[in-house]
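Next come two complexes built around subunit A: one with subunit B, the other with subunit C.
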Partner chain A sequence: MKRIYAKEEVCIGCRLCEVHCIVQHSHSRNIIKAFRDELDRPSPRLFVEEGDALSFAVQCRHCDDAPCVAACMTGAMQKDEKTGAVTHDADRCVGCWMCVMVCPAGAIRRGTTGDKIASKCDLCGGESEPVCVARCPNEALVYEDRGE
Partner chain B sequence: MKAVIIGNSVAGVAGATGFRSADADSEILMISSEPYRAYSRPLITYYLAGKVGEQQMYYCPADFYERRNIQTKFGAAAASIDTQARQVVLADGDSVGYDRLLIATGGAPYVPRIEGLDGTKYCTFTTWDDARQVQELLPNVRNAVVLGGGLIGLKVAEALNTLHVRTTMIELADRILSPALDTRASAMIKRALEETGIDVRTGDTIASVEARGTQVTRVNLRSGISLAADLLVVAVGVVPNVAVTAGSGIAVNRGIIIDDHCATSAAGVYAAGDVAEGADMLLGSPRVIPIWPAAYYQGRTAGLNMAGEDAVCPGIFGMNSVEVGGTCVVSVGLSTAEEGGEYEVMVSPDERANTYRKIVLKGDVIAGAIFVNTIDRSGIITGLIRDRVDVRHFKDALRRNDFGYISLPRKLRKSRLQTLGVKQ
Partner chain C sequence: MSISHLLDDYQMVRDEERCIKCQVCARQCANNVHWYDEESDKMNSDGGSCVACQRCVTLCPTDALSVRRRPTSFRTNANWTAEVQTAIVKQAETGGVLLSGMGTDQPHPIYWDKILLNASQVTNPSIDPLREPMELRTYLGRKPDRLEIDFSAYTPTVTTRIDAQLKLEVPILFSAMSYGSISYNACLSLARASRDSGTFYNTGEGGLHKDFYEYGPNTIVQVASGRFGVTPEYLRQAAAIEIKIGQGAKPGIGGHLPGEKVNRAISETRMIPEGSDAISPAPHHDIYSIEDLRQLIYALKEATAYTKPVGVKISAVHNVAAIASGSVRAGADIVAIDGIRGGTGAAPTVIRDNVGIPIELALAAVDSRLREEGIRNQASIVVAGGIRNSADITKAIALGADAVYIGTSALIAMGCHVCQKCYTGRCNWGIATQDPDLVRRLNPEIGTRRLKNLLRAWSLEIKEMMGAMGVNAIESLRGNRAHLRGVGLSDTELNILGILPAGS
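This part shows the complex of A and B:
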């Protein structure tokens, strides 16, 4: 299946991936309105780790045998057998943080707005190209099937 | 070929889906003493608190059994197993034949002997009906006492408190959540609970219970303290529900003993979840591992093997995540180990930020960890434990709350981020 891979060698740390993730999951899906008007705009589901002259985005790996799916006690985390994506059902999540505890990529975080629920990449709900990949100015994110 | 599963919680469900994934045709029958389709037992405290409604309680969709061609016998308790004849005898006298059997009966609440307790309407708290029962009693409850400072006790006390019941929690050990948390982390959770108005008493237990008929009226603690109580919830622990194995010859220690394929000592019989006693990756000796992910992995392994596969159970170790009184705590592995002998312990407390981070090293690998409030990305540590990664070269970075993949050497970082979650 296609997965998002980060290329730390060319990441410039601009964090536009985070910005566009926020916009994609916002109410208005408009960058100006999302940041100006939406008090409850979501936190980005992927995030950039940054250090001295080094940065890269980290996001859900949509694992074949996802630990978060095994650990989820409400059934909110599921593996979509058709698309391969690990999906999170916000309506079922109770914010127990078992998924945060088991994700080896550290790709799941506590959501910062509204209901206390988990936040992670959803591959933009099946778009042909996730917006973080599409909007990266330096091709530091790719969406490809590496035949694994 | 007929597969029978006794139990309809996460281990049983994982067993059924595991079996079906390898065998699309053989008959599966799931038997459960409870009348409901699979629901999440951990959610019963959320149900009591009013945080989830009935629909959210269900772990599986309504058509789960039908879609997988799984037969069900709910509201039917299994009484015994005849491993020679390969029959499960039900409490109502009916019997069911099996070729492969999965025992996933979970745990039963442990009730200690307490003077005056017998005959009273005290509550235990492991099933949905227990939560319903407490709900029914609530209108007449002003003072509640929860005996037990473990995960269940904590969440029950929190739920009662949010329902404006004056709640006292009593724990025998010197600190709450003692198997999972060290002194410092436990103190932080205790303070969080106390700030919500719950009275937490450690190092104490109930010596006797006073009642008017079946109605509890007062509890007297060993310390001499005495409190009014209209509701008493006993949540001191859960023991494997092995009753169904009596007389069967199936080897049982504390729980039903299973090997790395989740097979029991009886041919064709498997066990999984809170009823089972299997390998703990970190302890090196088998134990009952009463946590959700263990039940899931053991159940699935059993199901696959029942269908003729050769599946080895993934490495399992203790871990817990809970949020009470607004404070989150994650504990993983040998979290209460102290500095000395084979363990090296690094702690990063931050009083002002109200966070605590503890990493336990054993040689070159991480063996345990505790995170209070700074839980985001704690899964990275869990993954390093599970994969037994040599952390020598970035040991110091482990102390930092902002520890991340950036702290790893480049080669290890790239290898993990490229291949995590991908079947090799």
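This part shows the complex of A and C:
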């Protein structure tokens, strides 16, 4: 399946991927409104990890054998057989945080919108290219099928 | 301690209505102009260290930032301008030589803008480059005085031995910029773009990193006064060799790469100890005459078994024509001339702004001189120093150049905003720096693509201009000054340029 891959050799640690992820998942999808006016601004669904002169963005790997799907007691986490994406149904999520515990990539976090649900990458729900990839100023994120 | 009299050059203007405090500006500024204050939950900026490189402005996702010149007005004075006063203050406070990066920012005349191109009307049809083939291919190197052709066989063959030539698909090469003065990623972008576009880049006096050996067929290696990185292997890898005598931005001045930039990779490439200054002497200590130059040219030709053109790069100075003529007679296959507007990673500002002559006049003088002496065919002329667009290139070729070198234009294509702070090593665009955090900002894939685009765009425009003139091969335009007319130039200038005034 097509996945997002980070090219750490050209990641500049600007965190614009996080900014645009927030905008994409906001109500207005308008960057200024999302940041300045929306009270329940979502948290980013990918995270730039930084350390010793290296940085890269981490997001849900959409694992083939996803531990979060196995650990989810309500069935909120599902593996979409057709697209391969690991999806998260906010209506079913009860905020038990088992997915957060088992995620090997640390890519699931508690949402900050106040309704106590898990927050993770949804590949921008069918956009031809997730916004983090499209808006990365240095093309340090790519969306491609590497046959993995 | 007394206070500094220096005033900040720039001021950051932040549109508070648009700022979303994402801190991208703070993360991207290598000069620490921006910072986020957690206590007040505010973004702050200190314009004092801003160099107007536009990195934050470009990356700000809400266009909330702009850089302005600080509006403080010095009392108006035509002699004692703010720039003049600032320079004096800096020197009064430091006692040092003022340094600058890039080419001169002084308003020296740009003759390209006073030269206009011709176009065909009625009697000589123009050509549509989209419908008809246009030839930009250029060969650089020594051309024979006459051709011997054997007509005895059914297919005639040229029997004259043709010296080694560089084959260019576009008459544009990338100027000498060393690994050290620019980053690994910048060098890689230039090398790849050269390979993909069928042209050449020049190593400058920085040696050739082993990773770049694969681009050897598109590499011109430089032999300069410090001889850094020059080995038989280095010469073998190259398509051509260039002896650097001078550089337009600093004629008569050597080079100095500060030890801080000499990291392990650069030390290996230049073959000097890590952390030591790389100092190129002002002259070649073994070249004090044309005869000495001839010895080096032929030493390099011998070392490479006469398989590669050997060129000589000189700065455009007062007696450039005589020097070029001497270089050709000494055996140079290519003469590169760098004008006063040529760039540099670092030069004393006073040299950069005051030494040398404009490339247009130097080119015309050299081309005329070599023609008069009947040796124009013996070497190709490549001109450099402030070539800004395809019109400059077309005019240069009509004035007598075989091709042009572009340095600053190539850097701008990769992201440079000509802030002139190359010598600080804090290039926010990942070009003139060796800091791995900053180098990463230039993705070589993007750099390559942008350089290729620039060459492609300029090629298309050159073809358009040639087509308008009714010329379908760049060879027919080369040295064809009848296609040029001058406007607003004195008789003397027109004379030197060898062109007629507009209207005649």
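Everything that follows uses one rule, which is that the second predicted complex is superposed on the first by the 147 of 148 C-alpha atoms of A that agree within 3 Å, B and C clash if a C-alpha of one lies under 4 Å from a C-alpha of the other, contacts with A are read in each partner's own complex, and residues count from 1 in each chain.
Following the convention adopted for this analysis, a contact is a pair of C-beta atoms (placed from the backbone, for glycine too) under 8 Å apart; a residue touches a chain by one contact, two chains touch by 3 or more.
Remember, predicted model here, so these are calculated numbers, not experimental data.
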Touched partner set for A:36, first subunit B, second subunit C, both or neither: second
Contacts of A:147 with subunit B and subunit C, given as first, second, both or neither: neither
Residue contacts on subunit A - larger count, subunit B or subunit C: B
Contacts of A:5 with subunit B and subunit C, given as first, second, both or neither: first
For the subunit A and subunit B complex, residues of the former touching the latter: 3, 5-6, 8, 49-51, 54, 56, 58, 61-67, 70-71, 73-75, 91-92, 94-110, 116, 146, 148
Interfacial residue positions of subunit C with respect to subunit A in the complex: 17-18, 20-24, 27-28, 59, 61-62, 436-437, 440-441, 443, 445-446
Subunit B - residues contacting subunit A, complex: 10, 40, 42-43, 46, 51-52, 56, 58-60, 292-293, 296-297, 319, 321-323, 328, 330, 332, 375-380, 382-384, 386-387, 404-406, 413-414, 416-424
Sites on subunit A touched by subunit C in the complex: 9-16, 19-20, 31-32, 35-36, 53, 135, 137-140
